[in-house]
Amino acid sequence: AQELLQRMTDKCFKKCIGKPGSTLDNSEQKCIAMCMDRYMDAWNTVSRTYNSRLQ
Amino acid sequence: QQKAQFQAQVHNFTDICWDKCVDSPGSKLDYRTETCLVSCVERFIDTTLAITNRFTQMVQKGAH
Amino acid sequence: QQKAQFQAQVHNFTDICWDKCVDSPGSKLDYRTETCLVSCVERFIDTTLAITNRFTQMVQKGAH
Amino acid sequence: AQELLQRMTDKCFKKCIGKPGSTLDNSEQKCIAMCMDRYMDAWNTVSRTYNSRLQ
Amino acid sequence: AQELLQRMTDKCFKKCIGKPGSTLDNSEQKCIAMCMDRYMDAWNTVSRTYNSRLQ
Amino acid sequence: QQKAQFQAQVHNFTDICWDKCVDSPGSKLDYRTETCLVSCVERFIDTTLAITNRFTQMVQKGAH
């Protein structure tokens, strides 16, 4: 899971944090949680598609 | 080890297709984004095959 | 070896935060850019912790 | 050649496939073939230049 | 220092060289020197911040 | 092993200079693009040397 966490953090930091401020504000925290869920959805979709292609 | 290779590819595809298909992550993975992700993986594999085949032909003809 | 890991992280953070904070490098590191770099590292670490915690909770609940 | 194929695939996929559709259409296939030829030309030009610089 | 030099070269080449010409002209050379100084400043700032966060 | 290092550099330069010099790949490598690629490799090597020399001087003066 290490690799997944690292890539997800990079992508979601880039998407959700415009100019970094003095704290993670509320909208940034929500964006990170949502981005994380969508990234895992995407990972699962990709995994399923690739797997069925290999059959 | 085959599983590790499979997962490495999934990480790689997700990285590329995330940038192609997801603008701003919403509260659900909508249908449009999901379709885009599936096509992105399929077309990436097609591209890999097209390039590999063409490259093999070139090498066999000694064109490279 | 811990020092190597620390340095690898510093290289990584500098890479990401340079792109976020530095437009055109000036004759000094101005206050604004320095503040941005500090916040960028802090917020990146916060993001890493938020994601890791949430992921751990999901795994424990068996949601993934 | 593995490394060359991988990098070429990444670059040409990014250049030739805008929104991925249900097949590789004709113009995408042509773009990929042309991109591949130009990438190998570029590789050869770079290799020659670097080599002459090392002499 | 190898890793630092490599990353600095990549970043400063991208920032300072628009269309590569037949030599490194004067303004490109100045830009590279300045970029290099700022990159090392940034590295030090990041290192200090990360270190104090780990305490 | 020296050949492997040479090729790794060529891959790296091609990656960077492709992005700098090639907009949309045409039916030939035109003169303008070829010139750009040659200059790109030359200037990248110049940049590497400039940075390495300056860094060495700094270390020797103990400025870093």
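Per-chain residue numbering starts at 1, and chain names A, B, C, D, E and F are given in the order in which the chains are listed.
FYI, a contact is a pair of C-beta atoms (placed from the backbone, for glycine too) under 8 Å apart; a residue touches a chain by one contact, two chains touch by 3 or more.
Everything numeric in this text was worked out from a predicted model, so none of it was measured.
Colleague: Using mean Cα positions as chain centres, tell me which chain lies farthest from chain F.
Modeller: Chain A.
Colleague: If every chain is reduced to the average of its C-alpha atoms, which one ends up farthest from chain B?
Modeller: The chain lying farthest from chain B is E.
Colleague: Let me have the rounded angstrom distance from the C-alpha centre of chain D over to the C-alpha centre of chain E, please.
Modeller: Measuring from centre to centre gives 29 Å for this pair.
Colleague: Per the centroid of Cα atoms for each chain, what is the distance between chain C and chain E, given in Å?
Modeller: Computed from C-alpha means, the inter-chain centre distance equals 18 Å.
Colleague: Among the residues of chain B, which ones contact at least 2 other chains?
Modeller: In chain B, the residues touching two or more other chains are 21, 42.
Colleague: Two or more other chains in contact with one residue: find those residues in chain A.
Modeller: 12
Colleague: Among line, ring, star, complete and other, which best matches the way these chains touch?
Modeller: Basically the chains close up into a ring.
Colleague: Which chains make up the ring, listed in order from chain A with chain B immediately after it?
Modeller: Order around the closed ring, chain A first, chain B second: A, B, D, F, E, C.
Colleague: Name, in rising order, each residue of chain E that touches chain F in their complex.
Modeller: It comes out as residues 1, 5, 8-10, 12-14, 16-17, 19-24, 28-29, 32-33, 36, 40.
Colleague: Which residues, counting only chain F, touch chain D once they are in their complex?
Modeller: Touching chain D: residues 6-11, 13-15, 17-18, 21-22, 24-27, 29, 33-34, 37-38, 41-42, 45 of chain F.
Colleague: What residues of chain E sit close enough to touch chain C in their complex?
Modeller: Touch residues, chain E against chain C: 3-4, 7, 11-12, 15, 31, 34-35, 37-39, 41-43, 45-47, 49-51, 53-54.
Colleague: Which residues of chain F touch chain E once you look at their complex with the stated criterion?
Modeller: Residue positions touching the partner: 16-17, 20-21, 36, 39-40, 42-44, 46-48, 50-52, 54-55, 59, 64.
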